[in-house]
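Look for subunit A in each of the two complexes below; its partner is subunit B in the first and subunit C in the second.
Let's turn to the complex of A and B:
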């Protein structure tokens, strides 16, 4: 689709939104095709939308979708654009619906302990306001300072402290959702806006979370709030080998401490990567090969007691506590310090600016060691194939309070300035292979990002089996004209002619 | 069709490419929610991270400077994005890397002017500045060389000397009570200083709007004037001038630039500490302090203004820490009020709104350029905007 100035579509959109909220400039469009790297920057221009709209309300979003549906124009919703599976990247041009202006706090309901917000709001900004009421919205992704509530819904996000407070799916109680034809529905548990449990009818809330914009656009959400924790304890421990650290993280997660909000395992590659520059780890003796941290939140008395228990468990498993300073500092800086482009190294050790790419999966505890080795082998192959790739090590984060499974990530640095079609093909193959390892070990291709980027997406039908056929049927039923984010999740198959 | 490798954008990208890729690729856009323009417009095209991404696009031939010059108007130069950038925060020291988004914005603006792409308001502003030697600060305020020292009438300050007080255009022609307060306080402390022989605008605003040649010409004049009068030390009360004299001038003149630049707020805090100034007249106000962006975010100066406030008897001071204030701004910097006064007003409204939540009656600032937009916004909420220097003068019992 090519939209020309003066085109009736453009005029109609300007009528709906006001002329200043319909953007056609090239820079406006390029910057709405941008997400964290490395979507292939050398093919950036292929991902551009034809125009961008900045609606301010549910009604405006609905009118845009009504028009787009009638004219069969592709629509891609965009909020923070910090997702790692290209959900917000247009594959077929069309209209990007950028919902950042829908960012008002509509209500803080102290009695029911909820708030209702426009989905363009950022959780950190929201928490600055909630703090005045002694409350917190504890959705804490790596992108906490910049991701927005709508994107968290569209990707069904994962939270670092989800073992204590739940993940986005648990924290978002309900939301207004605009269907592809422009109809506005409210999804939650039942029809209630502030209901946390209902068994009335199909449970639609999960369906309309994590669809990566293929089923419509959320606009206003009601969120569950918690008391702002009085105390935080975030011990970091060092180990001389991965296996000891692995045993310790499992024991900590299974301990059943009520204030436990999560634990993280850093493997040898990750520790090596941190040693490249991190002031907390450079001075550590070379015998330190793996790290574990845990985080506890709650009232002072309960955190202290729970913390003592975890310290005891860790000590009994050979852990060395790194001390309060490193522990507090590293946890406080967790959003900032683990993925900077400056740590990139070529095989010869030259420092080059690399982009961070995080490949994630959900893996059961007992499968973590095997998956880890298989994944590093894939990373080593990539590095053999091209100097633009660098293995930045792995983290495993608890998904829940019982320690069943972990968000498992391998971080790969990519020297984007040198990325070309050959390296990109190698990368896509590696992504497919990482996903295959996950499935071999009974895991899920993604714990938090989604799985619709090139490579991994090929294996989604295999992962979901008959469920994928249901996905196709749902997509066709809800979006009969395939206007919502077409091309994602191989969903074009839903519209193939019957043989 | 110009040779693609000789495009000025390509040459420009050579210098800025690594920083742009570092930003483009980090995946983090932590700058976005602290950016004052982004906060009020929610337009991602006007975010610090977009300003870097555009460099990548320019290098790839996807954009020309003419396509984006108007986007780069939307920056107050506050520096919040730089201090919030994870690339600088945690690894910058080790790699000797600093994200310099403010400089990038200035450089793109400079490239635009060089290519003949002008913003109408900025062009007019700089033309008038060039004609009058001072910024046309407020419509109707007479601005010319003959009046640049009018603010000091009756103070009997000498011309020249080892130390001189440099007064920015806004303070010299509009906020005259600020330099008068400073002069009275320094005289009270027995600090010897004079005024410049022929002061011109510092050139900083021209540099910020992309008019580099003019900025350098003005800087040259001022430096020559200082040298001719044997000036060794320049006292600066305006944070914007402070940036110009400590960042732009050294870049223009290199090692030959041997003038000591003293920030008046730091000097006053020192004089209080040494007991040479003792605020004693109670000032019965409930205040909060607005960290001027160029002091807090760009120069790390935040202790001294608080020291001064805490030394003033009678004040009830509700402080907001300097890190929370990374996302605060008056909207008065970077030429934004010249081209987009409506955005400046919105940013100031938001800043004053934060003060209102604290239940204060007064917002204290230390930046003459912030005080006009903040005062406008303050009127709607019955919050007085008062300059720190004036407040100190009041407590020292000296009237401007």
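Let's turn to the complex of A and C:
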């Protein structure tokens, strides 16, 4: 669909939103055509929306969707645009609904420890206000300073300190959601805005989280709040081999320390990468082959007691504490990984500008070593094929407090300016292979971003099995005209004619 | 900051740290300049600006700690407790 200036659709949208909130300029549209995940930039034009709208309320979003549904115009919701699986990238043109104006704090309920906000607000800005009340909303992605609450709902995001406080699905209690036809519903546990547990009816909250904009648009959310931690402890340890570090991260995660907020394992490839560019690790002796860190939050006496216990465990497993400066600096940087300037190396060692691909499977602890080797083989194959790719190593982050599974991340640098069609095809093949390894080991393709990028998405029906057929039926029932983010998650299949 | 422009544009001599990194200021590392000659070339920075960037980064990280918690517990202090 192409909307031309002067088109009656434009006039209708201007009538709904005001002329200044309907954007048709090339820069406005180009800036909302991509996300940080590397892609072939020579094909940028294929992702351009026809126009952008900036609604200010649930009612305005509903009116836009009502109009789009009547005219069968594709709609793509966009929040911070920080997602890494192309959820906010239009594949069929149409209207991008940018929710950044819906960013008010509507209520802070100190008695029930909740707040209600427009989904265009960012957690960092929200927490600056909550801190005045001694509270925090602890949803902490790597994009913490720039992602928005609505995007966290649309992706059902993962939080760095989720082992202590839960992830987005646990922290968002309920929200207003605009269905594709413009009807507004409220979803949560039961009907309540501030209810944390209900068994009334189907549990719709999870259905309307993580759908990548294919089932409508969240507009106003009620969030669970916690006391702002009195103290933080984030020890980093070095190990002489991966196996020792692997055993240590498992033991730390299984220790059952109440203030434990997460642990991270760095493999040998990651340490090699950090030795090239990271002040903390350049001077480390060559005997350092793997790293582990942990984080604890809570009242000072609890954190001190838990911290001593974790230090004892790590020391008994061969760890060397890296010191306060590295521990504190590296942990603080983890809240803001989008601010890190990135560059990779050609095979000859020359520095090149690269963008960051971050694979984010959920893998059980006992499968981490095998997945790590299989993934690095795939990365090595890419590297042999082209200087466009660089293996930046792997992290494994605890998903929860019991240490069952980990967000397993291989970071691959991609030289976007040189990513031609041949290299892109090699990349899509590699994405498919990375996802296949995940499924072979009983994992899930994504712990955080979602799994609707080219390559990985081909294996989603395999991962979900019969559940994928239910997903198709749900999509068809809720969005009969396929206006919401068409082309994502292979959901066009929901509209195929019966043979 | 020094008075003359030329002095600020003359960094201290480099000391090699590893095959791929050098250092000119304490705790500040640079990519080995020979590796930045083809696709990404090095920029000339006044010394004060290099140090300002490093300090700004430290300020940012300290701010991030304050944002998430009232106090940061020292691991070295806890280790000392364990050793006693």
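Note that in this section the second predicted complex is superposed on the first by the 490 of 499 C-alpha atoms of A that agree within 3 Å, B and C clash if a C-alpha of one lies under 4 Å from a C-alpha of the other, contacts with A are read in each partner's own complex, and residues count from 1 in each chain.
Here is the rule we use: a residue touches a chain if its C-beta (ideal position, glycine included) is under 8 Å from a C-beta of that chain, and two chains touch if they have at least 3 such contacts.
Keep in mind that what you see is a predicted model, and the values were worked out from it rather than measured.
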Query raised in the report: If you stack the two complexes on chain A, which partner ends up touching A:300: first (subunit B), second (subunit C), both, or neither?
Result: second
Query raised in the report: Between subunit B (first) and subunit C (second), which, if any, makes contact with A:133: first, second, both or neither?
Result: neither
Report task. Applying the touch criterion given at the start, work out whether A:186 contacts subunit B, subunit C, both or neither, answering first, second, both or neither. Result -> neither
Query raised in the report: Of the partners subunit B and subunit C, which touch A:340 in the superposed model: first, second, both, neither?
Result: first
Query raised in the report: Of the two partner chains, subunit B (first) and subunit C (second), which one does A:476 touch, if any: first, second, both, or neither?
Result: neither
Query raised in the report: In the superposed arrangement, which partner chain does A:350 touch: subunit B (first), subunit C (second), both, or neither?
Result: second
Report task. May I ask you to decide whether A:14 touches subunit B, subunit C, both, or neither, giving the answer as first, second, both or neither? Result -> neither
Query raised in the report: Which of the two partners, first being subunit B and second being subunit C, lies in contact with A:28: first, second, both, or neither?
Result: first
Requested in this report: Determine, under the contact definition given at the top, whether A:125 touches first (subunit B), second (subunit C), both, or neither.
Outcome: first
Query raised in the report: Which parts of subunit A are touched by subunit B and by subunit C alike?
Result: 124, 128, 277, 279, 333, 335-336, 343, 351, 353
**Report entry** Contact footprint of subunit B on subunit A as seen in their complex
**Finding:** 23, 25-28, 30-32, 34-38, 41, 44-45, 54, 80-82, 84, 98, 100-101, 103, 120, 122, 124-125, 128, 132, 143, 145-146, 277-279, 333, 335-337, 339-343, 351, 353-356, 414, 416-417
Requested in this report: Under the touch definition given earlier, write down the residues of subunit C that touch subunit A in their complex.
Outcome: 17-18, 20-21, 27-29, 31, 35-40, 58, 60-62, 64-65, 67-76, 78-79, 81-82
Query raised in the report: If you look only at subunit A, which of its residues touch subunit C in the complex?
Result: 124, 127-128, 131, 136, 140, 228-235, 275-277, 279, 282-283, 297, 300, 303-304, 307-308, 311-312, 315, 321, 323-324, 327-329, 332-333, 335-336, 343, 345-346, 349-353
Query raised in the report: What residues of subunit B sit close enough to touch subunit A in their complex?
Result: 17-18, 21-22, 24-30, 32-33, 42-45, 47, 50, 53-54, 56-57, 60, 62-63, 67-68, 71, 84, 86-87, 89-92, 94-95, 97, 324, 357
